[in-house]
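Below are structures written as structure tokens.
Look for chain A in each of the two complexes below; its partner is chain B in the first and chain C in the second.
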Partner chain A sequence: MTAPVVCFDAVHRWFGAQHVLRGLSFRIEPGQVYALLGRNGAGKTTALRILLGFLQPLAGKATVLGQDCTDLQPEQRGRIGYVGEEHKLYPTMTVATAIAFEAATRPSFRSDFALAAAKQCGLRSSQRVPFLSRGQRAQLSLILAVASAPELLICDDPALGLDVVMRREFLDVMIDLLSDTGCSVLFSSHFLTDVERVADHIGILHEGSLLVDATLDDLKRRVRRCIWQPNEGKQPPASEHVLRVGARRGGFELTLLDAPEALFQELTDSGELSTPTAPSLEDLFLDLTGPAQPGILREPIENFLRAAGESR
Partner chain B sequence: MIIRIDPASPEPLFEQVVFAVKTAVAKGSAKEGDKLPSVRELARELAINPNTVVRAYEVLERDSVIVRRQGAGCFLTGRGSDLAGVERKRQMHDLLRRAATESFHLGFTPKEIERALQKCLDELQFDTKRKKA
Partner chain C sequence: MKSLWLKDRPWILTFAIVGAIGLAVAASQVGFMRLFVVGPNRLEILFYGAGSAALLLGAVAVLWDDILGTREFLMQRPISREALIRSRMLACFAVLASWMITVPLASWLHAAFWSDIYDLRFWAGLPEILSTLQIVWPMCAIGFLAASVPSPWWMRLVLAALLTATVGVAIDLGTAKSGAEASVAGFALACWLPALVLFPWAIGCNAQHVDPDRPWSHRTRWMAGVVFVVSLAYTAGGLAREVQKHSISSLRWEYPRIVKIDNAIRLAVRGEDWTKLVIADENHVPVGSVRSMAQFERIEYRANAMDELFQIEAPRFSGLGGYEARMRGGRIWMGRDGRAWLHQRETGDVRLTGVGAELAAFPRALRLQNVDDVGEELNRSVIVVGDSESGKLWRYDDDLGYFVVWPLPDGDRFEEVYHLRLLEWRNAVAEAPALLSQLLTRDEYVSHLRGVTGSYLVKDGVLVAVDVPRKRNQQRVRTETVTLGDDPLVYSVEVPAHDGLPSFRHDFEPRTSAEFGYASTAMAMAAIRPPLTQVANHLFTDDHSEASIWQDRIVCGGKRTWLLLSGIALSVGCALLIRRRLRRIGADASACNFWVVAIVVGGPVIAVLPLLLESVRNHARPVVAAPPPPRIVSVLKREEILA
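Presenting the complex of A and B:
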């Protein structure tokens, strides 16, 4: 088995009394595209900042490219591309000088690639950074990160504030990078349609730890959602295949994992059952991280991570 | 060859790509010797992860729908599935039984289901002179 590119092992982080990461654990294998999802304030940015060595974990351990994140050397940093949330670029620079500056700091930087990509995105080399739009700054940041052919690309909510066309162009650059180099990608995003396109692994971060850590194909194939209106007095079956029970007008909303035919039969016999469907990522996200409705049993969610992880 | 996918569909993306290629062959809109787009091209066209395309092409190659020629790309073989006869029959049987069961639960009679299947076959315009694999 090859060494993981990224490994979080029970990482905790407090800010004062605020316990932001509560035992975060996950790993990214080489070539994987991992999407870290979560509501605002769930701890996504904190996790990425720990990974890049900008923050220290207060308990647990995080490694990237085999190196402890608290002790990253220039050699490892050179193999990581990072696109931050704010797309920080020096305001005195132009597109061309930003590219030249980055080229001088990284030996593997491909200047001709960066210039060509910038041109393709409609960026003129004489344009000055303060006069770039938010979307153009995002594009330039991505081009700078990608041009050094990183082994690991980390993007913190890269699509934030971009219009649909810009988001697609951003995806295109990422897809080309994946085609050319087969690098690993870790990105956080709120655009679940983009995530469904490019991610092969999903982590849903909630209150400092992962509720879901599974491949997207697994989620589509093994998870089913249905509505069940039981006969008088019946309660949902206590089965390990029932991940979540939501209260609903006249019945329950069930989220099931690897449900056997017998369970569907049991539900059909004791009430009315809607056709089970695979949940969209958005459904799943809302189910798991949305405001708890009365009647929800949150406990079985713990099964999810364990059960979903078994298939790996 | 038209390959389209729906990222929000409950079906895994690589299976959608596999099915799109198989559909194109069944419909006759793609034929033996046709070249498939490169992984990079198709990933870009569909705006999906290139790894997904690689996986789909692997499945198609395993099912003998396409053949990979080193350095030249992937081509349609024009053959159907190379799976052993019994296995092919079993797979077809499974698929049809599922469709029939679902249709029955939607409240259709066996006669109506039969007519609907015939209509599907007519729409697809299979090549009736197709050689037995």
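Presenting the complex of A and C:
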């Protein structure tokens, strides 16, 4: 079995009284594109900062490229690319000097590749960083991170603040640059449609713990959504396979996980059941992490979350 | 490193250029000599200005990426922390070196080749030219360190303030005794030693990863804690010493004077101002009417030496303390090589002056003195230089701009310049009324030039012989007194019987509320000083002549054991309270022990440090339970991953 590129093992981190990561555990295998999702404050950025060695876990262990994150050496840092959410670059530099600075501080940096990519994105070498648009800065940050041929690319919500067109362009550049490189990618994002385009593995963080750690295909295969109009007096079954129950025009909208054939049969027998479909990632995300809404029954997932909280 | 300087270019260039411009403007405004060759009439703005700029430089060098928000963008690179800090430090050194070289050198070249104001003697003068600017090194190190410490901003400010005070105390006490000439080497040592300690400490701080949610490691606590403790103890010791000296000085001022009045020796306390006195009884309570001080003859006594109050000030390098004299529009001072320098206040120029038109140096460093001219023109004085060895006297000629030989009448040889109180002078000099008309509105002292055979007064620029009996000098000797006890607060003064008066003795000790207040303050300061040094003082020090940061005259030489024990008890009490708090917030035994020992050794002031540095957050430990497994998990096979 190959060594994971990233491994979180029961990592805890708190800031004062706020417990941000509560035993986070997951791993990223070589070549995976892993999307870390979660609401604001779920702990995504904290997890990424721990991985980069900017923060230390207060319990548990995190490793990247086989090295403990608390003791990352320059050699390991050289194998990691990083794109921050604000795409910070030195404001006194031009595109060319930013590339030159990167080349001077990263031994494996490919200046030719970076210059060509910048040109392809319409960035002029003489353009000064403060005069780049947000989207251009995002593209330049990505080019700088990828041009050193990293084994792991870490992006902290790289599309934040970009409009739809720029987001799409950014993703296209990312896909172009990373295609066939074998580079593992760990990124956080709030744009779930983008995640569906790029990621092959999803992790959903909620209040510091992972609720989901699955491939996108697996999720689409295992989670089903359907409308159930029960016969009079019938209630949804209290099954562990029912993730969420929502009220819908006299009936219920059910989100089911790994539902066995017997469960479908039971629902069909006791009411009218629509054809089960795979929910979108956004729907699933909302089901798992969204706030309770009036008229929606949430007992199963609430019970699940409560059980998770108690076991902490 | 070159690449890292690329990103740091804005602050490097800004500081180098703005600093150079600032120095150049200052040099053009006040003159090269006054700015760089620090004379008695020194310009302290360079000392303070360059020091403050260097402090800012050090802080900006470390915080530059935090200011731009690019810290993480930088830190994720394959560059070690040591390389980063080394690059910043060298950039700082380059800026400081540019300050110390460019402007002083350019000014010197200008002065050497385009101006005739100064015989530069470059190599001999170089240390002095660069000396004041050396303050930039420790100040830069303080800024660098304070910015490097991984602590909240306020703690960094506290650290910077503490270290600045410590370095200031070290410079003042080590090299710049107020009013005296400082040694260039001593000042350099006082600047460089802290810099040599603080820069490596800053490197250590950058290598450490201190987290507010974690307690300090044992090593970090030792590294940082010891420096904090020594620095705070030193600064607190300095402050305690100043308050103590101020209290002792005020107590002495409050104590009654011993005076002769109505053919008796009495005690007298101050009236409503310093020119009035009131007879007092043994308990220092006024019992008589207020009288003018002129009606009393004071009996001077010396209880024991008082220290000067501390102030951080630029050192004096180029002048000898007291070897200077005021003149119209400026002043003249004497260098230790016997060269005299004339400073014009208006233009800021400092010019060489000396003996004769060739501006020759004096045989050695001689005292410059102002001698009052008692002639028609008021407030006029003559600057003279006398050499008692050769008997020669020189007078500064305002019109010529140099000193000329001023022979005493009848070939007399110069001995000294001395001053007589007006009252004594009036009684002693036979022709006094003729000379006195202009003196009544002047100082109460009359300056004389004494020769081997006579005394001379300066009148309208001419030496006039006056008959001042030579024994007059002996008559100035004060009544013999005996001071018993070497304590600064409590002592006895005995005046032996003389001139038909019986002997007199008074035990000075606090008796009034004001005196008790000052004495209590002085003793309270002794109680907060480090017990370790106080015990050493108490047991091993007998020298009462001078108080230092670590030396306390109130308890030294076995005095006031009760006060020493009270100080120790106070420290132990504070240490126990701190230990209790540390245990309550969950600190481990090593932290508790470290701070207990630090407080017991360093004094109660040190208790502030664990309160600031060991926070509840450092030691908080939330319950860490095993997390629930994710609800939806994909178990992947290797082929799936590779696919």
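FYI, the second predicted complex is superposed on the first by the 283 of 312 C-alpha atoms of A that agree within 3 Å, B and C clash if a C-alpha of one lies under 4 Å from a C-alpha of the other, contacts with A are read in each partner's own complex, and residues count from 1 in each chain.
As a working rule, a residue touches a chain if its C-beta (ideal position, glycine included) is under 8 Å from a C-beta of that chain, and two chains touch if they have at least 3 such contacts.
Just so we're clear, the structure is a prediction, and the values are computed from it rather than from any experiment.
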After the match on chain A, would you call chain B and chain C a fit or a clash? fit
Considering only touches as defined above, state whether A:E196 meets chain B (first), chain C (second), both or neither. first
Touch test for A:S126: chain B only (first), chain C only (second), both, or neither? neither
Report, please, how wide the angle is at the C-alpha centre of chain A between chain B and chain C, in steps of 10 degrees. 160
Going by the contact rule set out at the top, does A:P107 touch chain B (first), chain C (second), both, or neither? second
Chain B or chain C: which reaches more residues on chain A? C
Contacts of A:P30 with chain B and chain C, given as first, second, both or neither: second
After the superposition on A, what does A:S280 contact: first (chain B), second (chain C), both or neither? first
Using the superposition on chain A described above, determine whether A:R168 touches chain B (first), chain C (second), both, or neither. first
Rounded to whole Å, the nearest C-alpha atoms of chain B and chain C in the superposition sit apart by 5
Residue overlap on chain A between the chain B interface and the chain C interface 31
What residues of chain B sit close enough to touch chain A in their complex? 7-8, 10-14, 39-40, 43-44, 47-52
Of all residues in chain C, those that touch chain A in their complex: 2-4, 6-7, 9-10, 68-70, 72-73, 75-80, 209, 211-214, 617, 620, 622, 624-628, 630-634, 636, 638, 640-642
Touch list for chain A against partner chain C, complex: 1-2, 10, 12-17, 19, 22-26, 29-32, 49, 52-56, 58-59, 70, 73-78, 80, 82, 84, 86, 88-93, 97, 100-101, 104-107, 201, 209-215, 218-219, 222-223, 243, 257, 288, 304, 307-308, 311-312
Contact residues on chain A for chain B in the complex? 31, 33, 168, 171-172, 175-176, 178-180, 193, 196-200, 216-217, 220-221, 277-281
